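Letters A, B, C and D mark the chains in the order given here, with residues in each chain numbered from 1 onward.
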């Protein structure tokens, strides 16, 4: 066994727990997970069947964590994990899985297949069998502070532009602020309107907030590549900043996996509960709405639909909040056929967008979303994840569609009641 | 060995052996899963996972509508098989007598024509399931010995049971002996095959239901 | 009347067996008419319900001959509405049906005197004639032979 | 050939070379040919022969000679003989004894001691190759067969000697056919059924405890009429009597199908005549004609009297796990076995689990931190 394989097997052994064992014990090869996977549905290739992507992990479970498997491996009957196997599975584990969790929702025996993919990636990366794109992103995240290489300098430049344009002050490193606002690299680079929207809404709501100069980045490449060691370091930066600035709530931005990384994995990565709340921006905005601190005027006249970002909705639990917020600003809102917890992924989540080799595959996977869009024919497509947004735009461009994609937070900011009208 | 000797053997010593392997095997596999444990979850839950877990243990029995549309054969045949099989297994009076002997308690049964019908449904569904497995690209791709063996192990008790009930092919004692033998084969191999899902699926559903539930997602 | 004792509600059901039976009788009757070869159908071996039996009786009707044979219990012989079709019931001394047979014949076997019985009778009669007037029982007479 | 007052009728007629036909003999007994024909109809019906064969059967029987039968009683209770001598309805009950010349039967014959054994030897000599040996009771073979002897001869030796020149052997009752009670666990006498000992002659089994008398009569009539044995099943039983299960012909069968069962001997279900399956009825696994021919001149049969079928005409019925245990219920002490297996399984599972946990801890101990530096290298 090569050192790589040994590390992979060791990582698999660390990851497998009672739930993994129950899942593998229960699979009957019914194939229904394939019917929930857009990579299979759009390619028709059975190798993309979700449960099949877990073969390496399954082998370690069987030979190490079942009595009968242990006995079988003693006499050499248990199939082994090899370096070739891991190499072959790289595409299945990374390129063709956006960790959207739809398979986990439909599996009749209740297997959380996506959760197991997350575990399997720990072993894949331990053996080095991860896509270069994700390795690079992780490296930049650790060394520069952002997977896209966005530096503090770039953030400051954006803040400067914003302050100059709007006359507002963007709080940075303000101790005692209620909210610590995080951003994703994409928002800093491609969608500066997010930060402006936050500034305006929070001002209108009278909420104190701040950005941390040493923890502005919300994304977590460690989660995507499956390296808890890296993910922990990245989460720790946010936790350290939040604790230093004594904020009550840390807000994850319009980004899918960042929310999972912070809210659901974060405390477990650092091994203790957070002393602050971790919330998604939509949750905070919905609280503002409920408290009457978020008031809007006017409506989007266009026929509008909402693309649910998987990590926020299905795997995050923020399902009703976006809909209540959309109702504030949209008159002609139409749901796509499968929505909410049963939505279809854009095709580029879970790190797929950062994998160059997966470029064609993710655009094929987008066809699922295209069919959904073709069915409701919206004039505008709203979402709440920068990564989804880029994939949707790229996918539509490739397939000759022309539907503007907008973010929910910025749309709310556009319809924000001006202070004058709010008072009146 | 006469048919009656054979029947006495299958009702006697062989059943004892099969029962030991079945029960001990089940216990081993169940306990070794539970003992493996899970790490404490430090994340702040949106709501308790326990109730959601319990709910998912049952809710996953019904398919999501999209799955039903995309894979109707798998869903419907699977459903019909499970219902037919469980009715036959659990509500046929002679079977209940057997359960009573092992468990110490019984329950009311159904008239035999209903059991007969349920058994036929289960068998027809099993044939459909098998054809589906051979034709569906995903299922064919996933399937191996570990999938076809349990099919056979499940089908044999159904067909032999039906033949006993209708007194076909062989005299009653011989056929009943074969039926019991086929059940014993099923029991003996049960803990070593995917047939374990009969019990672990509820554990799996609980874990997933609880994990989704604490995030606020009903699964 | 059947050997197959069942709850009364089963007896109330028709199994539809009467119809094929009548077909069988019809074929046997054709054979009898064409070749003179007699046939018989053993009803006691068939699981007829009371309703089946009633259907059969209604379908066959009754004919001109009714006879009672007293030999080892009684036997009841009735011609049905179809000449040549005889309904024969053998009872034991206790009145239980031993056998129930539909005979398709010119004369039912049991009705005709049997050759050996005739021989014995002839011998007995001769002896009677040759003897003194005292009458004795048949059995003893034969023994004396 | 000595004939004295102690020689039984049958033996006397055999010894005296009575070669009258059955027809003549019956006529002498005042049985008319009509009665004989009627009896044949009944036998034909019992044997499931075509009804049209009855006259031919009667004619054939009438011409036949009485069949010499040597009846050997071994490890038995005489219940079979009792059953046979109570056979049929009053006017027909003697007929079976008129069919045969019972040349030896140590319970029924008047002769005893040497005279009795003499009769057996005479019949064997006179009807060499033609006589039928009827056996009731099983044969003990353990310890040289000392557990049952007659006139100083072991059953085994008598059987061997008597069957040597027989035409066929009829094993009457479950003891002779399958070993019966003597063979039941722990079988202290090493009892074996006749079929295991007689391999060079045809053996007909007429099992039951006791067997249905009509079966015996009908089988003999078949042999006399056709000169051959009736069709037998795989256990050597005449198919006409043992072709169907008691359950198939049981009047309580509809209750079984409707799922209506007596739960105890005195509950409402028992009073209503519901199915006795749960009370251990072996009807479904028992091939016999009880439900159709019935007993005591067609009066009733055990299930009709409210008792489950014991399966007495099947091999090993004593050792089928209890008369009152339902057929589908395993015969072992399954509740205890299950409890012990569960306990052992939990312990083994916990041990395996502990092993798995140790493996997992070891894996955690060997955790090799993933760093970006190494990612850049790989």
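The criterion applied here is as follows: a contact is a pair of C-beta atoms (placed from the backbone, for glycine too) under 8 Å apart; a residue touches a chain by one contact, two chains touch by 3 or more.
Keep in mind that what you see is a predicted model, and the values were worked out from it rather than measured.
Participant: Which one of the chains is closest to the middle, using the mean of its C-alpha atoms?
Facilitator: The most central chain, going by mean C-alpha position, is B.
Participant: In terms of C-beta pairs in contact, which of A-D and A-B ranks higher?
Facilitator: Between A-D and A-B, the larger count of C-beta pairs in contact belongs to A-B.
Participant: What is the distance, in whole Å, between the centres of chain A and chain C, each centre taken as the mean of its C-alpha atoms?
Facilitator: Centre separation, chain A to chain C: 93 Å.
Participant: Cα centroid separation between chain B and chain C, in whole Å?
Facilitator: 59
Participant: Where the CA atoms of chain A average out and where those of chain D average out, how many Å apart are those spots?
Facilitator: 77
Participant: With centres defined as the mean C-alpha position, give me the chain A-chain B separation in Å.
Facilitator: Each chain reduced to its C-alpha mean, chain A and chain B end up 38 Å apart.
Participant: When you check chain D against every other chain, which residues touch at least two of them?
Facilitator: 348-349, 352, 356, 360
Participant: If a residue has to touch 2 or more other chains to count, which residues of chain B qualify?
Facilitator: 28-29, 32-37
Participant: Give me the residue numbers in chain C that touch at least two other chains, ranges are fine.
Facilitator: none
Participant: Please list each pair of chains that are touching.
Facilitator: By the stated definition, chains touch in these pairs: A-B, A-D, B-D, C-D.
Participant: Could you list, by residue number, the parts of chain D that touch chain A in their complex?
Facilitator: Going by the criterion above, the answer is residues 348-349, 352, 355-356, 359-360, 362-364, 366-372, 374-376, 378.
Participant: Any idea which chain C residues touch chain D in the complex?
Facilitator: 3-7, 9-10, 38-42, 44-45, 47, 69, 71-73, 75, 88, 90, 92-94, 96, 98-99, 101-103, 109-110, 113-117, 120, 138-139, 142-143
Participant: Any idea which chain A residues touch chain D in the complex?
Facilitator: 7, 10-11, 13-14, 16, 64-67, 70, 125-126, 128, 130, 135, 138-139, 142-143, 227-230
Participant: Within their complex, state which residues of chain D touch chain C.
Facilitator: 23, 27-39, 41-42, 44-45, 48, 50-52, 54-55, 62, 88-92, 249, 251-255, 273, 291-294, 297-298, 304
Participant: Can you check the complex and tell me which residues of chain B touch chain A?
Facilitator: Its residues touching chain A are 28-29, 32-39, 41-44, 46, 56-57, 60-61, 63-64, 66-67, 70-71, 74-75, 78, 136-143, 147, 191-192, 194, 196-197, 200-209, 211-212, 215-219.
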